[in-house]
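Some structures to go through are shown next.
Below are two complexes that have chain A in common, paired first with chain B and then with chain C.
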Partner chain A sequence: MATIAIENVRKTYPGGIEVIKGLDLSIAAGELVVLVGPSGCGKSTLLRMIAGLESITAGEIAIGGRVVNNLEPAERDIAMVFQNYALYPHMSVRGNLEYGLKNRGTPRAEIDARVKEAARILEIEPFLDRKPRQLSGGQRQRVAMGRAIVRKPQAFLFDEPLSNLDAKLRGHMRVEIRRLQRTLGTTLVYVTHDQLEAMTLADKLVVMNGGAIEQQGSPLELYGDPQTLFVAGFMGSPGMNLIDVAQLRAAGATLPDAVPAGTGVIGIRPEDVFLEAGRVDGPAITLPARIEAVEMVGAESLAYAAVGGLSQSVVLRIPGAWTGHADTAADLHLPLTRLHCFSKETGRKVPLSAPALAA
Partner chain B sequence: MLQTGRPRMQTKRTIFPNKVLPYALLAPQIAITVVFFLWPAGQAVVSSFLREDPFGLASTFVWFENYTRLFEDPAYVDSLRVTAAFAIAVTFCSMTFALLLAVAVNRLIRLGGVYTTLLVWPYAVAPVVAGVLWWFLFNPTIGILPYLLSFMGVHWNHRINGNHAMIMLVVAASWKQISYNFLFFVAGLQSIPRSLIEAAAIDGAGPMKRFWTIIFPLLSPTTFFLLIINVNYAMFDTFSIVDATTGGGPAGATNILVFKVFADGILGLNIGSSAAQSVILMMIVIALTFVQFRYVERRVQY
Partner chain C sequence: MIENRPWLNVFTHLVLILGVAIVIAPVYLAFVASTHGDGAFVSGVMPLWPGSEMAANYGSMFTTGMAKSGAPPLALMMWNALVMAVVITVGKIAISIISAYAIIYFRFPGRVLFFWMIFITLMLPVEVRIVPTFKVVADLGMLNSYAGLTLPLIASATATFLFRQFFMTLPDELTEAARVDGAGPMRFFRDILLPLSRTNIAALSVILFIYGWVQYLWPLLVTTDPRYYTIVMGIKRMVAVAEADPQWNLVMAAVMLAMLPPVLVVILMQRLFVKGLVETEK
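What follows is the complex of A and B.
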């Protein structure tokens, strides 16, 4: 269990491309931090810099208060789980688990005890004497985690550990990782593409974009109060509806005074757009629209509504199966309290003023 | 759609009804194999049971006498010993150096391609030329190596010193084979996922430990394949190097089996004995090939 402090870290690959652009992040001891962001934004690079597999161009990384910039991966006391698991194919599962301990000169009895415990926790005892190729994907994944936990490191680094598993197993392992991390209390930095993993696992969620942090905070904070257009669109599936104010005005709609000056884009979550006026209390924007298509996703339905003058359709999340007909006219109600206003130039949030709302 | 009559077959296969065409197409290859391989091999087997009179006019059938004589002949037993030493030395030297070079090149990111190209060049040199090249380098009167060695107090003369002759031969033969081994080792190294090495680094293994516990075991299919190839090479493909440098001497110190077959048969005109020797060589090749095929069949060992 250790803190990880990342200060003004930069990474430039040979060829001059700056991949991480002066990034600051502090991770508390025992915290589970999830890094999300679009492909190529530098998540893996950052994780590999913490692990010591990639050199640090500028800045400082400290693990447990100790600056590790010039330490070898082995000396940083971290363990990593790779996306392809990177199990040693010529060693048995037991061999894989023991390897790191043997290299550190751990006494035999201690090695056996730790391997036994890890195997028990991860339920891989029956496979200890098999080779990795004789295991299923899910079992390999467990072995990869086992290899990380036997070492009892200061921190775990997981790079998309579940992305090679099917949806059901992924859900199961997600819960297990959370439980394991709570039990062990080890700091964990977790990279993922999966929204659900990000929302459910994280103590602290970090959204990265283009080598920098867009926003960090608790998952609900990021979901409920995105500070930038990027985060608003990135978090949630489907992401927030982002409506261009200029297009709206051109189509003849008038915006209430509550929308602050300088707002270029208004955002609203699909679940905050309503078809029935009765379900909205307080002031709302009403937009005439036409429902174009409906997707039933089981517990809920997603409706795509075209609003005159807007280039993108507005997505609504409706609980349960939707009974209406596609291709019908309907009014969309956008409650003002649920509106997020962004400046088009800076991409940042423009705060709604409370008095304006009341007026 | 083409109906092949075997519904479960995945690959599309065209069937030609002509029964003669396949044989006609194969004929040239079969002819070459028969004329240049099977027929001479059969001749060798037949000759190995015969003894010719001194004038080469008549021959008598002597059963296995040529073979029994061979193994009673100290010169032949010596040649077996020399061949074994030579094959082991060449295989070991060429594979070790090739692996060292491959590991070094594999660590490079940018100049790897350049080094690979340069290192492959010796393979293109004909064995005779390689032999002559090293013969010049080691030449006791004009060569540069004996000159340098003299500063270390070594009086190099492979014409009279059997060990010197053997060393020169091993160097020349290994040098040529390093390129070939190198290519295979580089390919083998590049097929090892980087993440495995990284995982081992995180697991606390230093560079040497990583090499011996991860890289070397994972290279074992390549290493085994090369082992067979190199023994084969050292035993059979080095004739012209011997011919161009030592001619089997001094005093039989470099008289490896392939060279002895030639020396006894062509120079010594002892056809019966020479034939028996080539039959033995043939059996060694067959054995080596057999081992190799058996291994290739179940090659994924880990």
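What follows is the complex of A and C.
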């Protein structure tokens, strides 16, 4: 269990391409931190820099208070789980688990005890003498995690470990990773591009974009109070409705005074848009719209509404099965308290003015 | 595609049988000749059935050799050929797997240059560089020695290239996982790369053993001492006798014995061989 401190870290590849642009991040001991972002945002590079698989161009990374910039991966006391598992194909499961310990000169009795314990925790005891190719994807995944656990490292680094599994197994393993991390109490840095995975796993969620951190905080904080347009659009599925104010004005709609002056884009979550005025308490924006299509997802329905003058349709999340008809006119009610206002130029949040809201 | 055309079946089988016959016939004749007495083969009527002198022919060739042409016993020549083939096989594989490892896994100045230098030697088979190579070996005083027989043939671009291709198919994560697991370059080579290359090494061994065994021109040049004759070039010495007909029955016995080890190697290693060529264990 250790803290990880990342200070002003940069990564520039030969040829001058800067993939990490001066990034600060501090991870508390025993915390599960998820790095999430679109592909190419530098999240994997950052993880590999912590692991020691990529060199650090500038800045400092410390694990457990020890600066590790120039240490080999093996000397950093971390364990990594790779997307394609990277199990040694010619070794049995037991051999895979033992290998790192053997290289460190761990006594035989200790190795056996740790392998036994890891196998028990991950329920892979029946496969210990099989080769990786005789295992299913989920079992390989467990072995890869086992290889990390037996080492009892300061920190685990997971690089999109669930991407190669089918959806059902992915959900199952997600719960398991969470449980495992709680039991062991080891610091875990987890990279994924799947925001659902990020939301459900993280103690602290770090959204990255273009080699920098957009926002960090607890999953609900990021979901409920996105500080930038990027985070607003990235978190949630479907993402937040982002409505261009200029388009709205051009279509003849007027915005209440509560919306601050610099607002270029207003955002609202699909579950915060209502069809019935009665369900909204407090002031709201009302937009005349036409329901174009409805997707029944089971427990909820997603309705796509076209608002005159807007280039994108507004998505509504309606609990239960929606009984109305598609292609009908309806009014959308957007409660002001749920509105997020962003500046179009900076992409950052503009706070709602509280007095105007009260009025 | 399943077709039921009896005549096509008959025809294809005829073609195959004809092909097999063309390959087998000379071998069969060599065998028949090696079982007859002296002179039976050149008397004008070639016998088509095995004769009665088999044991005598093979026995004398194996133990005393063909004294008339100055050829040593076959046992010695086969031993020499075996030494040559095994040293070449082991040497080639050892050198090429190490150089492929260096080229793929290490960043050093001139890495690409070295790779291309190795690669370009593919265009220079033994026969092309044989005269300068002979000069070098002679100046080093390695004529008539096992070192002279084997060393110049060991450097191998083909095997290096094959190992390079194989190493490139291994995922980078495997190397990284080993680094995280604390395996240094030597450990990684010994614990991960060598075991993974097992089937490739087996397949290459078969090819290289036969390559070493059938070497003809090079042993012919560097050995004048019968103690270092290998069997394939020894046959040449047996045939080149002055002022007499070659003893074809004995020569053919030597030929049959020379063919035996490669055949055995292929038969015994066949499964590994095919596995190595077809399957990549990943």
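Convention: the second predicted complex is superposed on the first by the 359 of 359 C-alpha atoms of A that agree within 3 Å, B and C clash if a C-alpha of one lies under 4 Å from a C-alpha of the other, contacts with A are read in each partner's own complex, and residues count from 1 in each chain.
Assume a residue touches a chain if its C-beta (ideal position, glycine included) is under 8 Å from a C-beta of that chain, and two chains touch if they have at least 3 such contacts.
On a predicted model such as this, the values are computed, not experimentally measured, just so you know.
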Combined model on chain A: chain C and chain B, fit or clash: clash
Partner chain(s) touched by A:155 [first = chain B, second = chain C, both, neither]: neither
Which of chain B and chain C A:115 touches, first, second, both or neither: neither
Partner chain(s) touched by A:78 [first = chain B, second = chain C, both, neither]: both
Shared chain A surface residues [contacts with chain B and with chain C]: 51-53, 72-74, 78-80, 82, 84, 86, 88-90, 99-100, 103-104, 133, 147
Chain B partner contacts - residues on chain A that touch it in the complex: 14, 51-53, 72-74, 78-80, 82, 84, 86, 88-90, 99-100, 103-104, 131, 133, 147, 151
Contact set on chain B toward chain A in their complex: 109, 193, 195-196, 198-206, 209, 213-214, 217-218, 301-302
Complex contacts: residues of chain A adjacent to chain C: 51-53, 72-74, 78-80, 82-91, 99-100, 103-104, 133, 147
Sites on chain C touched by chain A in the complex: 171, 173-174, 176-183, 187, 191-192, 195-196, 198, 281-282
